[in-house]
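Below are structures written as structure tokens.
Two complexes follow with chain A in common, the first pairing it with chain B and the second with chain C.
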Partner chain A sequence: MNFRQYHQEAFNKMETPVWNRVSLPKGMFPIPSYKMDASITSDSEHIHIMTFQEALDTEHAISPLEKEAKKHLGDHFSHFINGYFNSGYVIRSTSKALEVPVVDIHYILSGETRTLIDNHLIVAEPGAKLDVIIDYHAEPANENTPQKAFEPMNHYGLTRVIAKHGSHVRIFKLQRLNQTAHHFDQVLASVEESAVVDVFDIQVGSQFKAISYETDLKGRRSEAHINSIYFGDKDSKSDLSFTMNHQGQKSNSSILSKGALDSNALKVFRGNLFFETGASQSVGKEEEFVMLLGESIKSDSIPALMCSEDDVIGEHAASVGQVDLNKLFYLMSRGFSETEAKKLIIKASFEEILSAVPYEAFKVTVSEEVDKRVY
Partner chain B sequence: MTSEIIKICNLKSSVEGQQILKGIDLDIKAGEIHVIMGPNGAGKSTLANVLMGHPAHKVDTGEVTFMGKDLLTMKVDERAKAGLFLSFQYPEEVPGVTVENFLRTAKKEVAGIMPMALSFKKELHSKMEMLNMDSKYLERYLNQGFSGGEKKKNEILQMAVLNPKLAILDETDSGLDIDAIRVVYESVQKLSKADNAILVITHYNKILNYITPDYVHVLVDGKIVRSGDVTLAEEIESKGYEKREW
Partner chain C sequence: MRKESGEHMAKKTYIEEVNRGVYDIINKEDHRYKADRGLTEDIIREISREKDEPQWMLDYRLKSLEIFNAKPMPTWGADLSELDMDNIVHYVRPNTDMSTSWDDVPEDIKQTFDRLGIPEAEKKSLAGVGAQYDSEVVYHSMREDLKAKGVVYTDMDSAVKAYESIVRKYFMTMITNRDHKFSALHGAVWSGGSFVYVPEGVEVDFPLQSYFRLNAKGAGQFEHTLIVVEKNASLHFIEGCSAPKYSVQNLHAGAVELFVKEGAKLRYSTIENWSRNMYNLNTKRCMVEKNGKIEWVSGSFGSKVSMLYPMSILKGEGASSEFTGITFAAKGQYLDTGTKVVHAAPNTTSIVNSKSISKDGGHAFYRGLLRVTPNAVNVKSTVNCESLMLDNRSKSDTLPIIEIGNEQVDIGHEAKIGRISDDTIFYLMSRGISEAEAKAMIVRGFVEPITKELPLEYAVELNNLINLELEGTIG
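What follows is the complex of A and B.
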């Protein structure tokens, strides 16, 4: 039985999952009959790219360990993605050049190809550097768009990141699907000694979004930093989960999340810091800041700190508040309408995270997406 | 005949049920500079905020006509577009928006058309020179990490760019050193034109070395208790606000 068959069989034996805090939408797990290609570019000869399927079909291209996936959103999702993926890449960097190599992956979902199931493996070899940008967006509907285009688009993703000794990987994910889309994304990172993984996860689209990041800080002095931005449209549902498993001594992690929610949005944020035996002198920090733009919003923040080691530092902070009225007043006194002023305030709150993104076009896109979605 | 900029009649306002303004009457005409002085807690900043439309302040009664229109029914941005400007006592920080972009967009909002980038930049540079501001501030995020003095200068820069009909300066001198006070108020004096008006709110009369008001008003306990010319400010300087029969 091959990899795909194994997971398909496992998936088909499972019952439909039920979530308590954020109820899952109808019409889940559609099986696409087509492949989806991304627009993928790389600027370095030290980056090796092949499709995930090619890697599975090629002996020794991918090790059993690299195929492994933890639970994340649940076994159901992992089996579904591994069994039915219609896109995905294996990206390896051996580049130690001063200038960080960039791989840019761009997915466009449309009326005809409205389900994307992508399965990625990103590996930075010892001492290597790598930046990967993954952008998910929807082709805008117009008068010629078939009716199908207005049915929900679906994205199910699994990204494994392996940062080997002394390497540095940065992942920039931007999800800007349309307001009816369903988006499920899971990222598993494994960080070895003295390696660093930085994540910028920007979620501005979709009616339903569930994301799960699980990072194993395996090595001594390993580091991982997740910077998350989310915007919840009117009536949207979001389930966001970030987990740091500190295993190596003197490992260091941070989770910083900045969000804005519009009327009737529902959101659950889970920030988990686990300090396992052996992770002495490690430091973990999680912070979440949410701005409420309307009424009847349900925003849950569930931080968790679990320690099996004494000598660790774990911090968490969360704040939820309405838009700063004084800031709104200041901007409106300069002629900005309430909506324009709100957009500026939201973008100002996201700026703490975006200022660390080195890609101008990425930042401009995020800004434009916020402009489109706040009204 | 001099045209009227703003006419305030019997304006009363409250915050959380407590009345702060207890009947303000004030007429300001084009070409005039007015100074409002008063002790702490008299309602000076409240008057500025009520005129600009701060949502925390409730207008209990009164009428305000600004450029021939009913000011109190306008939204905050509509007041700005009509030509009202408030230089804030505590300007807000807005990261992610550079001073240049902010000014250009604000100018577009107020004037209705986006100014040409090149000529606008030239105009900005000359105004910043007047205010003794380094042009590197244009690239910085709005008020973020600015010193108190730079924030206030930035307020006057916005005033210079937006070219309002009435500029209200709410204690723009607070937090400024003596050199900055001179630069700021000399600039304000230069921005005074025959077709606009300026209302300066202050504690002290030290700014009067650099600006020449047409009228000075004393605001105590939510009411203007006396109005006069610049000699009134000198009187306050020597005798203070307290223990006086106004």
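What follows is the complex of A and C.
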């Protein structure tokens, strides 16, 4: 039985999942009959790219360990994605050059190709560097758009990241699908000795979004930093989950989340820091800031610190509140309209994360998307 | 990032187990009536007959038993698989009647409470005392002037008969027998506990204290505490619990229902030092009306397993709650504690301060919930949890859940986990303080915000404990 068949069978045996805090939307797990290609560019000869399917079909292109995907959003999702993916790439970097190589992946979902299931593997070989940008984008509707294009777009994604000894991987994810889309994304990272994984996850679209990052800090002095920005549109539902498993000594992690929620938005944030025995002198920090913009909001935060090693520092902090009226008043007294002032305050809050992003175009896109969605 | 010099194996502060001394003295069992092990309808009827209860109470007990049998054992927290419900004696009546004079209490029981310092405390600093031995209250007294003002402080069983209308109005309305398996069990076999009624406008200036002692082996204690503080009244109530250690399991599944009316104030302090064979599965809830205030002070030191989450329901506008808790989990202990706050009205405020220490393989778990309902606007709340781990055989977990149902809120939360920082010790030592003293200072500083809220005698005891245990054990 091949890889796909195995997962398809496992998927078909499972019962429909039920989530407690955020009820799952109808019409889950559509099986697409088409392949989807991304526009993918790379600027270095030390980057090797092939599609996930090609890698499966080529002997030794992908090791069993690299194919492994733990449950995270649930076995259901990993079996579905592994069984029915219609896109996805294996990206390997061996580049040790000073200039960090960049792989730029753009997906455009449209009325015709509404379902994207992407399965990725990103590997940084020992000492290598790599930046990967993944942008999920919806083709805007116009008067020629067929009616069915207004049905929800679906994205189901699985990204495995393996950062080997001393490597440095940065992932920039931008999700800006339209306001009816369903977006499920999980990222599983394994960080070896002295390696670093930095993530910038920006979620501005979709009616329903569930994302899950699970990072194993396996090696000594391994590091992982997740920076998350999200905007909960009107009537949207978000389930965001970030987990750090500290296994290696002196491992270091941080989760920083900045979010804004508009009217009727529902959000669940889960931040988990696990310190396993032996992860001595590790440091883990988790911070969540939520700005409440509209009415009838529901915002749940579930930060967990699970510790079985004493010689560690674990911290979490959360702060939830409305836009600071003093700031708003000040800006409005300087001639900004209320909406413009709100936009400025939101963007200023996101700036703490975005200022660390070295890609101008990426930042401009995020800023434009926020402008479009706050009104 | 730590400096390389921190590479060497870090030295650890060692705190000995809490010296339980007087708590572990076992009295010979002398009971008038002891129910059979396990739980059957006959036992329930027998308990009710022994107590000469009204019919509605018996009906409630039987209904609760039915629910108890139907509900599954909870699996989300502590491991309760070792808890053998069929081996617990649910009702033990000591061979004495309730007394209002200390002299009438049987000698061995009296000695027990003497050793725990209860009558001494009554003389010095309390307005009233109640003492429960196994399933029944053996002693209750209160200052005369409070009686004159209409304050009622009596055991729950007497209250069912003497103040039936008040008891019926409040009894198990906030904690119902449908809430969870152990509240159903409580509804079926509850016995003893205290009933306090403070009439409108009366301020009780000295605390009342109830002490619960479980002496019988393999028994359960299921006391019910019901406190009603009427409009603009105030009260400080102290609850102490202990039991000697046996090799078999004991079970404590009490219920505490507190009603704080408009503008009233209640402080509820608990010092729990059950023995290490005790399953402490207690339920506590408080309903606070307009501008009322509840203050919980909670110290959990004993028991094998604890699952205890005092809950404040801020029902009236402007109501507030404050929770201050400390948990000390040592060898073989799993202490799953925390608090729940429900903001169900506008302009309500809450503060949660929780500290835990785990050592020697102990497992401390903070599990909390802060919920703001959609109509509760202008809510302000802060939650702080700090955990100190003294070695890496121990475990410390924090899970504070925050659920916000509207946008007009201001919520802050912070949690920290870790061990005694080398930098702090170094700083203190550079100021001429010895290492041992520095560590003791840090631990004392860590628990200080809590100890200052404890009743004085307990605070002194806790501080002494830290001094004694840290002395000579470091280095």
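One rule holds for everything that comes next: the second predicted complex is superposed on the first by the 375 of 375 C-alpha atoms of A that agree within 3 Å, B and C clash if a C-alpha of one lies under 4 Å from a C-alpha of the other, contacts with A are read in each partner's own complex, and residues count from 1 in each chain.
Just so it is clear, contacts are C-beta pairs under 8 Å (C-beta built on N, C-alpha and C of every residue); 3 or more make two chains touch, one makes a residue touch a chain.
Predicted model only: the values in this text are computed from it and were never measured.
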Check: If you stack the two complexes on chain A, which partner ends up touching A:Tyr330: first (chain B), second (chain C), both, or neither?
Finding: first
Notebook entry, point to check: In the superposed arrangement, which partner chain does A:Glu360 touch: chain B (first), chain C (second), both, or neither?
Noted result: neither
Next item on the list: Using the superposition on chain A described above, determine whether A:Glu315 touches chain B (first), chain C (second), both, or neither.
Entry: second
Notebook entry, point to check: Any idea whether chain B or chain C touches more of chain A?
Noted result: C
Next item on the list: Considering only the touch criterion stated at the top, classify A:Glu351 as touching first (chain B), second (chain C), both, or neither.
Entry: first
Next item on the list: Look at A:Asn252 in the shared chain and tell me whether it touches chain B only, chain C only, both, or neither; answer first, second, both or neither.
Entry: second
Note to self: I'd like to know which partner A:Gly294 touches here: chain B for first, chain C for second, both or neither.
What the structure shows: second
Margin query: Contacts for A:Leu305 in the overlay, against chain B (first) and chain C (second): which applies, first, second, both or neither?
Written below: second
Next item on the list: Determine, under the contact definition given at the top, whether A:Ser280 touches first (chain B), second (chain C), both, or neither.
Entry: second
Note to self: Using the touch definition from the top, list the residues of chain C that touch chain A in their complex.
What the structure shows: 1-2, 6, 10, 12, 374, 387, 389-392, 394-419
Note to self: Using the touch definition from the top, list the residues of chain B that touch chain A in their complex.
What the structure shows: 52-56, 75-77, 79-81, 85-86, 88, 91-92, 94-97, 102, 105-106, 109-110, 141, 158, 162
Check: So in the complex, which bits of chain A are touching chain C?
Finding: 250, 252, 261, 275, 277, 280-281, 283, 292-322
Checklist line | Of chain A, residues touching chain B in the complex | finding: 324-327, 329-338, 340-341, 344-345, 347-348, 350-352, 354-355
